[in-house]
Amino acid sequence: MNNLQQKAQQLLESGNYGLIVGYEKGTSGKARPVFIRKAEHASKLIFDESCDQNIAVYLYRQEIKHDKKKVIVANHHTLKSIVELAAENQVFDGDFMVLAFAENGDIIELNTFKEIEKHVATLYHGLTEAEAAMMKKIEDMSLEDRWAFWENEFSKCIKCYACRASCPMCYCPTCTVEINQPQWISVPSHTLGNLEWHVMRAMHLAGRCVTCGQCGKACPLELPIQLLTYKVALDSKQFFDSVAGTSICADNALAIYKPEDHENFIR
Amino acid sequence: MARIGVFICHCGENISATVDCEKVAKVASEFPGVTVSVDYKYMCSDPGQNMVKEAILEHNLTGVVVSACSPRMHEPTFRNACAEAGLNPFLCEMANIREHCSWVHEKSDATTDKAIDIVRTLVEKVKRNEALAPIYVPITKTAVVIGGGVAGIQASLDIADAGHKVVLVEREPSIGGHMSQLSETFPTLDCSQCILTPRMVDVARHPNITLYTYAEIESVDGSIGNFNVKIRLKSKSLDEKLCTGCGACIQKCPVKKIPSEFEQGLGKRTAIYVPFPQAVPNKPVIDRVNCTYYIKGKCKVCEIVCPTKAIRFDQEDSFVEVQAGALLLATGFDVLKTNFFPEYGYGKYEDVIDGLAFERLASASGPTKGEIRRPSDGEIPKKIVFIACAGSRDPAKGIEYCSKICCMYTAKHAMLYKHKVHEGTPYIFYMDIRATGKMYEEFVRRAIEEDEVKYIRGRVSQVYEKNGKLIVRGVDTLLMGQAVEIEADMVVLATAGIASPGSEELAQKLHVSYDKHKFFSEAHPKLKPVETNTAGIFLAGACQSTKDIPETVAAASAAASKVAGLFSNDLLKRDPLIAVVKKCAPPLYSSCTGCFMCIPVCPYQAIDKEEIKDRSGNIIKTISHINPGLCQGCGTCVAFCKSKSIDILGYNHDQVCAEVEALLNEW
Amino acid sequence: MERKLLTKDSYRSLITKLIGQNYQVVAPVKKDTMIDFLKISSFDEITEDYIVTVSSAKTVAFPRNEKLFDYEKQNKKLTQQDYDFDSIPQSVLIGVRPCDAFGFHSLSSIFCWDSIDKIYTTRLERTTIIGLSCNKADDYCFCTSAKGSPGSTAGSDILLTKMTDGNYIVEIVTEKGAKLVADFSDLFTADGGADKESLLAKVAANFSVDDVLAKINSKFEDEAFWTEQAMRCIGCGACAYVCPTCACFDIQDESHGGKGHRVRCWDSCGLSLFTLHTSGHNPRENQGQRWRQRLMHKFSYMPDRLNTIGCVGCGRCSRACPVDMNIAEHCMSIIEN
Amino acid sequence: METNNTNSFEPKVVAFVCNWCTYAGADLTGTSRIKYATNVKIIRFPCTGRIDFMLLMKAFANGADGIIISGCHPNDCHYTSGNFHARRRWMIFRNLLDFIGMDVNRIVFSWVSAAEGAKWAEVVNESVDQFRQLGPATAYQKLIKNSEFQEVE
Amino acid sequence: MQKKIGYYPGCSLEGSSREYSESVVTLANAFDVELVQVPDWNCCGATAAHNLNSILSFSLPARILAKAQEAEMDTIVVPCAACYNRLTMVQHELKKDDALRAEVNGIIEAELKCDIKILNIVQFIQMFVADFVASKQQFLFDKKVACYYGCLLVRPHDVLDFDRTEDPQSMDEVMKSLGANPIDWPFKTECCGAGMSVSRTDIVGRLSGRIVKEAADRGAEAIIVACPMCHSNLDMRRPALEKAMGEKLTIPVLYISQAIDMALGKSQKESGINRHFVPVNISLQNKVAAPQVVLEKTEEN
């Protein structure tokens, strides 16, 4: 992947950019985010299938939020997250430059959200086969089996909030789970509190989740909680034709309505 | 610690018949925070209310729960009682144990237990109530009336007479609207010019009314009491102060063949023109589309002949900003043109005209000086066929409503025609005659019996021209559906009344809702016919739906009284149960993330952005802000906000959560 | 240290007997890809196919939620139910890696610092820890750099080391261990004198924790260093919750109507709101300060005050971290510059 | 009032209603003296748009066996669009609960206008029957017990 | 290159209006379009069926569509306005009403997909002829003509969606492209009396008579039609018309396909003009000089 390293080196040496946020090889070769500030460190940069942490999480971090001379090495999910964050006024044009990768691996420089939005339109927006298979496996279960499955998963959760921390859309300074007046979600990690937490998290991602799957990846106990946000994302598409991360100016699916929204359960 | 007073009402025996009120009072006295819990036969009576007042004073209560009927019934009563005793009215809640409990269940422990649950819920809620004061919004006592027809004129005069400033904005060069185009008006046949022109002059002369003609609304923002209206004054190419209205330019203007809009194209006008003789203001306007100077760059005859040198060829559009407390829409209606009707020749036949054109023919100041003549060859028609319901009541043409006024003006047209052309025979094809106003039915009977107007009940299927004659082919349903064919000299279509062009764009500028026919929507069809859902914007006349002149004037005066009512006090008192974006100590300042996803949620566009700045003025963060003037307190944004940064007074998160807990647990 | 031999079959019967005598037997159990300590009801549930379990063994003594007491208010009368110590069962903890076992040492130094935590100590006393030496390791392990070793007996009551033939060398470390062996003496035979060293995993000692102790205090002021180190840390609580030596907890009251209870639950200095004051001020505003706190607590405050090192080199925090914040790597970078 | 034999099981039901339509409708049920089950207790909201999905979770967590949510018919909303927004939320929320295995028949959604007193009684009675058939929310009560650290066998 | 398209002549084009079929075939061949008859087609039931038995009036056209579907014809031309109307209406109704479709499928023992594109003669001309007529035209059709659409070709609009209902222009456009001068007259879609031709010839006399008289009075030299029923009433029944109108009416009646055939210089036999009752007393003299203006599609009203 040396043309990425060359590109990074060239950008840093040009003086126009002071920081490259990309991926490097971590312990036993696993990819992890890296913040390159010096040209000679550019050789650390890698980019392949395993680089899947969503770098968009760092865009609004205090330390680098106001650094206008930063470059983001973005995989497909990060691009979609950037578009969605732009739609939600968390990042603004000119905050950073994005390096994306075309089908054939060429590096594309994207400077404005308009360009990113156009590029994202060419990407695939559904779930991967494996993810769709997992969804189907659960949806085919009976109601009781689904409850048993999720009750068991929620019982394991230790409420470390890695799922929240790894999701770029979870940028609220005080998350609702931390409000104790009233106590919306119980703090101890018993099954009921975990269920309420994960349902709330999924609901708060309605029309916003770009299905990057990082919440599932980040969970130390590998709970399949990304399926909850996938369910809400798929429903937003099916009911309201709203796909997160495709437009920088679209309103959130639940913020608008159509008189002819179709449902069959209201008496 | 809360000191709550609980008062259980027997409501005679409406409640005590099925609910054990003593037990409820006893159990309620045990609730945490309750200091006094009594039951009484008639809480809403004076002694009942006095009980509450005394309890407030004696126990220095911090909250009151009156368990009786529905709050929709006596909440104001008890809140006023509490206010009189010095307790903030919003610290008084009602527990509905009558409509929602005693009246709908049999006498049983379950009913009493349910009443106890309801009381406990409201006690928990009232403990979390805050003392609130009504919101007072300062009002600019100026009204902007949009549309200078009879509705706008009447409304402006009423508001101005009530002592408030009015800015009347009219799109055409003169006020008067469609009424000024009419000849005589039903049912009294008095000449519309004679009854309207004095009012138009009153408007021009009224000290409280500022009149802008040939002007349109550019933009409106702000809210009730504080609208900021930007008005575009289209360039008249004339300095109005210098112009005396002598009319020299009009006589000398070489371009004389422009079809006059006022005359519905039947008469001609010059490039520099005044729509009609009694125009107010009686000063001309240059029609830049047809004026040779603007086409070829030469001519300037008007400039030469103008005694006061008032012509300004290079005058630009100018803008005026007006602060207003209320807006009044009086933009009127329009009539469908004949080219809408394929079966009547797509407007190809010159002698097939609409009702408004016939009015011009009949009008003394019209192109034919009041003589009914055919537009094609100027002959006096021997036979005229009037076709009622042309477009109206026809779902296939997308106009399913009845336009209300055509039956009457068609009868009038036929009557005028008979008065002017005694030997003429008017036919009217109709479906039903809707003459519902005062003296209306008598008017139509007179047309039928005295003026021998031939009414044929049936639809006209086709009108076509054959060697100078108009063959009208219809049916007479009262003669067993026999086909009828009339060789007429002229056909007048009573076409449907539709929304005036541009009403949709205006509605969008004012955020006023409108129906699928582009008529403005009233707040409530029966109870608020002259208001819109947007606070501070009122409706008058045909812009809401087609109306005759009496109804339009009545609606205009009604809307004007609403405006006057609004302006009657300096501050507008508003219920304080509105949403507010929560703020907190620095460095966070507010949990609001500035995502602004809530802005499209608000049906009243009450949510805007607020910049939090530090002392030296640079922006720390931009968060949502709710305009107290606009917010009506629906709470949709409160439940939508992910970080729970918006809360609504009276139904805040804490209260509602406490109610759910209190309802499902016992302590 | 007395050594014995425990054959495969007698190990099986030891566990089965313990279960039979209604000890609460907790062992590593494999559930799809996750291996974690769970109560077992039969020997076959135990797995040894792991380097280290996801969560540490501290859950036996310091569970993620511990109810402290119950209360109920019924029309103005309040009743309270205190902690029921009898409900803590006798338990046996099996398959504990030496680093985990050594972790209890750090935990105890905190929980028994100035006020003895009765719940923690009772739980630990009623637990017999049967350690299992490590025969394989991976890049995350660095016990040798943290004063531990794949075969260290510290913290275990008895330490088993699996031999190639499937039998176990047994080293009896504490009286509790000796008592256990005595209770089931028939299952233990004389030590076969096998060489334990050869059976152990090789863990390269890339650095020594003493160097970290020496250098870390001087790094405290170096704001940029910590900010740079913690740039990629996203501020979740995973590392603290899986760490065998992290002991921070948060007290919460939960109530429904008139009934409620007080619960002690895990907390983590990595979470942004850990140090938020009600005034809105947060002394540790950015992730760099929080990461510094994690390392300072383990490699400076605990050694100074409790002369125990707050890290046993199990590498769990690095494994569990979504962005691979490898603590060993960070220690080395503290030593180097 | 915890009666646990199923044949005389009485579900605990909470009703979230909007003030302008269903609350007034319930008032009309009262004035018309139409009887309905005592299980249902009403909480007043300014608009269905104000009803937060977290409140439904809170109701279940406090032992509710069934929930009724009712507000103005589409286009009737006093605030023009509160019910439309609510409808979108319910479409997503209901599917999510179903996905995690909760029986969505425990939540009845309805539009009841201020003039439909009879319909309100009918909605309540039919919902209470429906919840009675579903029986107590045992799955959720197990979670509640577990969250109070009482061993649940 | 040889274009193939399904062709449903219908009973009248095989019987009393054979000339219409001949002219359509001649026209198609002239523009190398091969008309493949729908195999084993049956009568469409016309007005008789839906007066007597509604399920029959659905099944007959349905069977034709099934046969066309079997022969994989995605487009069929139906010159007769009545058949065109019936086939289009039935396909529309079956597509909308699943229960009805199931019942009809049962009767005709076939699975109708209801997605066949059905063209009337004017649409056929617009699609296959109009763009090429300039190259093949021999003679200018420099005559004043009255285009008569009848009632089935343009109604009901929301189903057929062809041209304007009150004042159609599509045939006028075609004739204009041939150099003709179509007159503006009001009886374009007036009923000619249709099926009354046999039972109440007097009524047809009056209705059709008025149409022909109007055309003649306005100076038209020929009436252009696109439906065999209209043609036979205006042409074959001419004596009854003349009796009802009380005057001699000599204006000839041409199918639009015949008009184009004449412009292409086809013989009277090839275009079937020789079969007319009212002699076709007009002939095209002037050769085509400059290339004709290309005809655009008529916009819908």
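Labels for the chains are A, B, C, D and E, by order of writing; each one numbers its residues from 1.
Just so we're on the same page, a residue touches a chain if its C-beta (ideal position, glycine included) is under 8 Å from a C-beta of that chain, and two chains touch if they have at least 3 such contacts.
From a predicted model like this one, the values you see are computed outputs, not experimental measurements.
Fewest steps needed to get from chain B to chain D, stepping only to touching chains, is 1. For the remaining chains after leaving out chain B, touch-based grouping gives A, C, D | E.
Common neighbours of chain B and chain E: there are none.
Taking each chain's centre as the mean of its CA atoms, E is the chain most distant from chain D.
Counting C-beta pairs in contact across A-C and across A-B shows that the higher total falls to A-C. The chain with its Cα centre farthest from the Cα centre of chain C is E. If you average the CA atoms of chain A and of chain D, the two centres end up 34 Å from each other. Centre-to-centre, using mean CA coordinates, chain B is 72 Å away from chain C.
Work out the mean CA point of chain A and of chain E, and you get 63 Å between them.
Each chain gets a centre from the mean of its Cα atoms; for chain C and chain E, those two points are 92 Å apart.
Annotation for chain C: residues touching 2 or more other chains are 65, 254, 256-257, 259, 263, 285. Listed for chain B are residues 588, 601, 640, 653, 657, 661, 664-665, each touching two or more other chains. Listed for chain D are residues 53, 58, 61-63, 81, 85, 89, 144, 147, 149, each touching two or more other chains. Every pair of chains that touch is listed here: A-B, A-C, A-D, B-C, B-D, B-E, C-D.
For chain D in complex with chain A, the touching residues are 53-54, 57-58, 61, 74-75, 81, 84-85, 87-104, 108-111, 123, 139-140, 143-144, 146-147, 149.
Contact residues on chain B toward chain A in their complex (touch as defined above): 588, 591, 593-601, 640, 642-644, 653-654, 657-658.
Within the complex formed with chain B, the chain D residues making contact are 1, 10, 12, 14, 19, 23-24, 26-27, 29-31, 33-36, 38, 41-47, 49-53, 55, 58-59, 62-64, 78-82, 85-86, 89, 121. Every residue of chain B that touches chain E in the complex is listed here, in rising order: 342-343, 346, 462, 464-466, 471. Across the complex, chain A meets chain B through its residues 88-90, 171-176, 179, 181-182, 184, 204, 251-252, 254-256.
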